[in-house]
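The structures considered in this document are given below.
Next come two complexes built around subunit A: one with subunit B, the other with subunit C.
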Partner chain A sequence: MRLLTHNMLSSNIKGVTNGFPLRIEAEKVVEKTVEMNPDFLKKMFDKIQWKAFVDGSRAMGFTELPEEVDSSVLESDEFLSRFHHALLELHLEEGALVCPETGRRFPVNKGIPNMLLHEDEV
Partner chain B sequence: MLLNVDQSNPELESISSLQITTKVNNNKMASKKIRTAQIRLMSSHQEVYEPCDDSFALVDALLADCSNLLKHCPALCMEIGCGSGYVITSLALMLGQEGLGVNYIATDINPHAVSVTRETLNAHGVDAELIITDIASGLEKRLAGLVDVIVVNPPYVPTPEDEVGADGITASWAGGENGRCVIDRILPVADHLLSEKGWLYMVTLTANNPSEICLQMREKGYASRIVIQRSTEEESLHIIKFWRDSDIEVFKNEKVMTEKSVPARLMDYVLTQFPLFSFWRSSDSDNKLIQRNPVHTDLDAKDLLRIQFHPVSHSLQSVRYENFDLWGTLGIMSFCYKCS
Partner chain C sequence: MLVQMMPVVLLKKLEEEEEEDYDEEEAIMWYLCVFYHRLLDYRKPEVESLAELFRAFGEIENGDEFCCQNRSLQWRLPLHHHPDSPFHFVDLPSENVARNIANRSILVKGMYELWGEGSSYEELKDSISKYPDDRKLPYLDSNSTFKITIDSFGKVFSLQEQKELIQGLSYIPFKGQVKLKNPDHNFWLLETDNYGVNNGLPPVVQKRIFFGREIGGADRKLIPTYQLKSRTYLGPTAMDAEMAFLMANQALATPGKLIYDPFVGTGSILIAAAHFGAMTMGADIDIRVVRDGRGPDCNVWSNFKQYGLPMPVGLLRADNNLPPWRPGLKEVFDAIICDPPYGVRAGGRKSGGRKLLKGVVEPYTVPDDKRTDHIPSTGAYSLVECVHDLLDLAARMIVPGGRLVFFYPVLREDEFSETHFPEHPCFRLISTSEQILSSRYSRVLLTMVKIGPYTEEIAEAARIKHIEFRENHLKWLEDGNLHSAVFSPVDAHLTLSAFFTSFYLLLQSQSSLNPIVNILVKNFKIL
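Right, the complex of A and B next:
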């Protein structure tokens, strides 16, 4: 699971009002190099909730993202390459996503988060 | 101004053949240059639906529309219910990966299916983000309005309600009453997730009442067209493409105007425009708008050509063609052309 996906996921448990962001518990993180596309990064930059993204990247061991950003950072190639790396090249292979409100853990195995709910959570 | 036109005009009869020719050409083009998932590279599991006629029809529809998809430049593509991964893998092979700015997300309620999809993607050297979830649960809040292409081969087989969403492979086909149980849950989610330019491709069965699905989507502002219709021994499949269309609102609100004859010269002009028309299906909720051709033969009675002119400048505004029988079980077939 990439941080791009993490940034799009919320806790879906019934009654939870503030299910975003899910806290990452990382047991195993892998890196897979992919080609960079600046246009995609610029498009996604506006859609990313930055704090959740920075916290997520730290939980996965990557600490080179700035705490605060505005759109001027997109001019910097150095920023783009870090953003690209954190967004698309880091994968949470084993671990969990934790609901910020209830503490319920959604397991991530072989890179795949399991968001299925128990009957009493739907 | 509104008029009905005699359907015996040969120009009109040539429309469907012309459209088919285009599709065949697209397919040929696609098969030369564009790869789809290969069966020999597919992973499998006893609890996972294997690629079948419906999967092939959906991928063929994507292939037939491939040049449009490439021009569409989607950033995020999604499959709801990825099963063996045949469709999302084919889409990723067709449209390319991160370097081209395209990313993929696929979901399935069956954990085995998601694992099989991972293996199928790997075997083809492509990647997608996979999530085990019910439709798009957990994604609806943050992914709203961001997805440019959604593909769905839903569980569409009419079954008892209690089989819907059951464990294992049953969830891949059990569709409840009229096979619509899951489809009717997916449609509002797709509407919510699709971006302004978003497209939805969905497999339906005749028993699902696709024309009603199109009407429902029309109320949400979507135009639709059948990309592929295919009958197998067991079922008749339609792959329908939906897209947001601001013109839908125009037609909803339009009033019937008086019918007048139009000079032949103008009619000729209108008919020469036919190759430009795109097919799309729809039906009017307001019966007043559906004017059947009054000419006597059976065929003529099923067709309507409605042409609208600007009330002041008399310039051509829109042409609309409806055929009540062309798609047989589907009811009304129509296309519309709006002049800028």
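Right, the complex of A and C next:
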């Protein structure tokens, strides 16, 4: 699971009002090289919830993202390559996503988060 | 009888003459577009989509994404040709656009600059002679290499006849060297016969001969490369390679785009999108499909690896009926492509079991020590609900001007009534392409363009509809009406029509209920 995906997901358990962001429990993080596409990064920058993204990257062991940003950072190649790395190359292979409100763990196995709810959660 | 095509090449050497410079003309002109004689309904929509992708209609102005998609190409048929004919003329703004479209397409056999046509070889000669020299001479000069191929539709030429036909073109002043492999210029003489009846087509009344310079054509090698029988990991509903590529073309897959499949299965549709350079993301309710596969090197990830394609940027197990997207997230996908689980081949599932939906039992509380490995039960997912969820997801998550491409089942018994397709205020339906699956069913590939924003009103209507579905599930099951919907169509009309009339995105007329009822039959058999 990439941080791009993490940034899009929330806990949708019935009754939960604050299901985002899911806390990352990282057991195994791998890096996978992905070809960089600046246009894609610029598009995604607008969609990303930055704080959740920075916190997520730290949980995955990457600490080189600035705490706060505005769109001017997109001019910097150095920023783009860090953003690219954190967004698409860090990969949570094993671990869990934890609902911030209920503590329910959504397991991540073989890189795939299981967001399916139990019967009593829908 | 199948169409018989026999290309043959003949060497031709001609004396040298002075060459001329050539500037590519950017004026709009008619190109001869010859299709493979298959998937007839898919041919023009593919070219139209690729025309959009290659900006045949000009650049999109800033902030105008919603308005730019109301454009289509001009087509015309050769004299006395039936619309099913493989020969069409299409109006394109430049040779570059024509080449890009043809090379990226799956169903265009060749795109040609037409130098002449006629109903006889005398007429063809006249026509070619009248075609301006400044268009012809640049491709005839002595420093270039060329090849002439004879191709026929609905008839076969002997080798001797082909030689004679090529010799008959000696009035064209070819000065270059003949080269059979990768020549600079490919010329084609294409002939359709008087009696096209045996091609499975209505007769082409009049024989027609075309001569032109090839500009581009489909790379059909893609299809054997990606054919399903050589794929490591397959599921029962894997999309065949040709159709997956057509879907990816309808979705305008290209580098820098993010394309999502909410019913990803073994990834067969996303593989085509990834081949064209798009970033891909997929979800499925069935973990066996998305994760486990059949071992470490036989799963969705390995299918991408097999072709050297970039892995999906995200795969997840999720229920499209209860999608886990965070609140406020919208307009992230450039396109959604999918083959929803309508129950024709694989029944759709959603969270919640049969007894739970019936209200017979209270929700099963999973003991804490069993939660990790618990497999939640799923219930059947009806066509209407599935389409509702898909359109709602697409309306929210697709960017302005982005596309939703999906299959929709149609019952063929209903041939005298008009088929009604799903509608949504955020989308305009731009193409419908039917593929017949059996004597009873066909599936129609729908391509929709997002033309309006996902407003709060639309979101609220969808939320209410979602709740209504839940209530209806319980009600139908309790009344046993699902059963009568299946086995007594009269009751089904009463029960279902009350339900459908309030349903804003589907099917207003009675006639359209028949296919739905029949699809429901399939779906609810599992209940």
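What we mean here is this: the second predicted complex is superposed on the first by the 122 of 122 C-alpha atoms of A that agree within 3 Å, B and C clash if a C-alpha of one lies under 4 Å from a C-alpha of the other, contacts with A are read in each partner's own complex, and residues count from 1 in each chain.
Throughout what follows, a contact is a pair of C-beta atoms (placed from the backbone, for glycine too) under 8 Å apart; a residue touches a chain by one contact, two chains touch by 3 or more.
Everything numeric in this text was worked out from a predicted model, so none of it was measured.
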Task: Clash or fit (per the criteria above) of subunit B with subunit C on subunit A - done: clash
Task: Partner chain(s) touched by A:100 [first = subunit B, second = subunit C, both, neither] - done: neither
TODO: Check the residue A:120 against both partner chains and state whether it touches subunit B (first), subunit C (second), both, or neither.
DONE: second
TODO: Return first, second, both or neither, reflecting whether A:36 touches subunit B, subunit C, both chains, or no partner chain.
DONE: first
TODO: In the overlay, answer first, second, both or neither for which of subunit B and subunit C A:47 touches.
DONE: both
Task: Overlapping segment of subunit B (options 293-301, 311-319 or 329-337) - the one that collides with subunit C in the superposed model - done: 329-337
Open item on the list: If I apply the document's touch criterion, which positions on subunit A are contacted by subunit B in one structure and by subunit C in the other?
Closed with: 1-2, 4-5, 7-12, 19-20, 32, 34-35, 37, 39-40, 43-44, 47, 49, 88, 110-117
Task: Residue numbers on subunit C that touch subunit A, as the complex places them - done: 255-258, 279, 281, 285, 287, 290-292, 299, 301, 310-311, 313-319, 322-327, 329, 331-332, 351-353, 356, 363-366, 371-372, 374, 376-377
Task: Residue numbers on subunit A that touch subunit B, as the complex places them - done: 1-2, 4-5, 7-12, 19-20, 32, 34-37, 39-40, 43-44, 47, 49, 88, 110-117
Open item on the list: Quick check: in the complex, which residue numbers of subunit A touch subunit C?
Closed with: 1-2, 4-5, 7-12, 19-21, 32, 34-35, 37, 39-40, 43-44, 47, 49, 88, 107, 109-120, 122
Task: Residues of subunit B that touch subunit A when the two form their complex - done: 75, 97-103, 105, 109, 111, 114-115, 118, 127, 129-134, 137-143, 146
